[in-house]
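We call the chains A, B, C and D, going by the order they appear; numbering starts again at 1 in every chain.
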């Protein structure tokens, strides 16, 4: 699990993500419509499975919310930020 | 929006679904793994878009939670049960 | 089935598509990688199913080839160009 | 690349797959409809990307054809059969 200063450094690199009340790395994405949202989710799914690290996904119509945490570590780890970076790269 | 007796009749046909505290038609599905869960979600996405009626989707690893409601009607309508039936048919 | 002048008029609107030897409306798409290609295909799948009109899909890694025709009509119809337009719109 | 006797031994374990004229490991899958076919393809896509080994995919409506080969090796390798086994497991 990242310590406070490591976490602050990582968060500085991900300005569009925030920490949820439970300390999860969170971001909401908006799309033109549901189809665009789900195509994005498909890319997220593939990236997540490749890392064997899966976000909490919420989707309603054109909105996708993702929350990342490392359950085994009881908090955020480098793996969460690796996944966040790959997700960013899929959000064209 | 369905009245109480219509709703009771529909719910009787969907014994694996329940009403959430906010009155949404809800069901959780479990799969062998994330890939199986996401393949199911892909079928749900296609069915939802065909009906132009989209569930609230939650997914964490092998669990998928779906909540259905008709926002325009302020509650459950026949359309929610139509979608629920199509979702059921995709859950092999 | 479109006659020759209708077909020529439609083809003029789709300069990136061509007619295959068998007269199908064809286009190849290239992506950064497989994941991007498959996310696009997911959007194509949803659009196709909504129109109940399905392309011939070929995919190898980052390349997607689509061929459209209307089997019932024995050739190209307006529906093929409707689907082509929707596919174009998903190719960001 | 597998030699002839290794190949014969593997093929014996995959009775539903055949060798295409170009020596690719091939199988056609049929589904109830397009949506079921595409849900399966989504699982195949995830498995393929995890192995970084991608089949040639063809899909028309409810039919999916997959051809596997290892381009770098100029023929079939153990990796093709690993992917085939994972694809089989997704075909419920």
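A few remarks follow.
In this section, contacts are C-beta pairs under 8 Å (C-beta built on N, C-alpha and C of every residue); 3 or more make two chains touch, one makes a residue touch a chain.
All figures in this text were calculated on a predicted structure; none of them were measured in a lab.
Touching subunit A and subunit B at once are the following chains: C, D. Comparing chain pairs B-C and C-D by the number of C-beta pairs in contact, the larger count belongs to C-D. Centre-to-centre separation between subunit B and subunit C, using Cα means, comes to 32 Å.
For the pair subunit C and subunit D, the distance between mean C-alpha positions equals 25 Å. The set of subunit C residues touching two or more other chains comprises 35, 38, 42, 45-46, 49. Taken as a contact graph, the chains are fully connected, with every chain touching every other chain.
The residues of subunit A lying in touch with subunit C in their complex are 35-36, 38-40, 42-43, 46-47, 90, 92. Taken in their complex, subunit C has these residues touching subunit B: 42, 45-46, 49-50. Across the complex, subunit A is touched by residues 34-35, 38, 41-42, 45, 48-49, 54, 56-61 of subunit B.
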